[in-house]
Amino acid sequence: MHRKDDYLKRLRRIEGQARGLQRMVEDEKYCIDILTQVSAMTKALQSVALGLLEEHMSHCVVDAARAGGREADEKIREASEAIARLVRS
Amino acid sequence: MHRKDDYLKRLRRIEGQARGLQRMVEDEKYCIDILTQVSAMTKALQSVALGLLEEHMSHCVVDAARAGGREADEKIREASEAIARLVRS
Amino acid sequence: MHRKDDYLKRLRRIEGQARGLQRMVEDEKYCIDILTQVSAMTKALQSVALGLLEEHMSHCVVDAARAGGREADEKIREASEAIARLVRS
Amino acid sequence: MHRKDDYLKRLRRIEGQARGLQRMVEDEKYCIDILTQVSAMTKALQSVALGLLEEHMSHCVVDAARAGGREADEKIREASEAIARLVRS
């Protein structure tokens, strides 16, 4: 995996956002402010997902395509299902 | 493009949904019922997008990967941007 | 319904986008360009939905709240379900 | 805030998911499996957001509507903006 340290850094920040949200709920902060933080955290998470997906396509999918055979079809079906889950989540 | 007739059929149905929504607004139907139809139409549209994307990866991306060179990277970057737009829309 | 003419104008434009997409598929335009149009159309549709939802809350929900009784709870539950469908579509 | 303990429990679970994702990246798990977890975490987060939003409307919006004056309009505009951020994230 390329950019592993970058993903770890971003996921640690997302973990921190989850803790920050707990504090906001604990302190009964204003709902709309909590929702703004949830949206920011969701965006950060989607951004990690899009990075992982691009990397997956650049490596697994391209390698499978170059190896020939049915492997590439399987990889693409699998990636498409992951994309569908992201779009619908 | 494979499944061209299938896409055309689905897009004609989506066009019909857009007309149905106009009738609902014209007749001042209940807002929540209009929103239910908007959600159904959005899902139908996302489903066409996911189909086109899978097809694009199966053909353009795989062909570029097999041809070798930098072409595959460019195709994947382009597909990733399209996925990001879908996820965020 | 306030802003009825505005919604109708936007929905007619969305209907036009659905026809434009059919032409793009018919002419076998580049997949990524078709996907860009699908994202634009999805955004336009979501924007109509958000407008309708705001209007619904300003009128139905507020009126129900002012009328007192359990009616407001029912309206809010219904609006929440509509929002959940939008978020997940 | 009603259901505070429920939100805290769900947010702690989401924090745990963020840590689980870090372990998966650390161990270089298969990208598609990581993406599946990201989608599950996003859904859990959206579900917290939808709960908070429903609660906000049931209390702040309804109270403002009953109090009369322009306060309700302001609350609804604010809630609509929060919904737009959720739909687009």
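In order of appearance the chains are A, B, C and D, and numbering begins at 1 in each one.
Just so we're on the same page, a residue touches a chain if its C-beta (ideal position, glycine included) is under 8 Å from a C-beta of that chain, and two chains touch if they have at least 3 such contacts.
In this text the structure is predicted, and so the values were computed from the model without any measurement.
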Pair of chains joined by more contacts [C-beta pairs], C-D or B-C: B-C
Chain at maximum distance from chain C, centres defined as averaged CA atoms: A
Whole-Å gap between the CA centroids of chain A and chain C: 26
Centroid spacing, where centroids are CA-atom means, of chain C and chain D in whole angstrom: 21
Centroid distance [mean C-alpha coordinates] between chain C and chain B, Å: 16
Contacts with 2+ other chains: residues of chain A: 46, 49, 53, 79, 86, 88-89
Contact footprint of chain A on chain D as seen in their complex: 1, 4, 7-8, 11-12, 14-15, 18-19, 21-22, 25-26, 28, 31-32, 34-36, 38-43, 45-46, 48-49, 52-53, 55-56, 60, 78-79, 82, 85-86, 89
Chain D-facing residues of chain C, complex: 46, 49-50, 53-54, 57-58, 61-62, 65-66, 68, 72-73, 76-77, 79-80, 83-84, 86-88
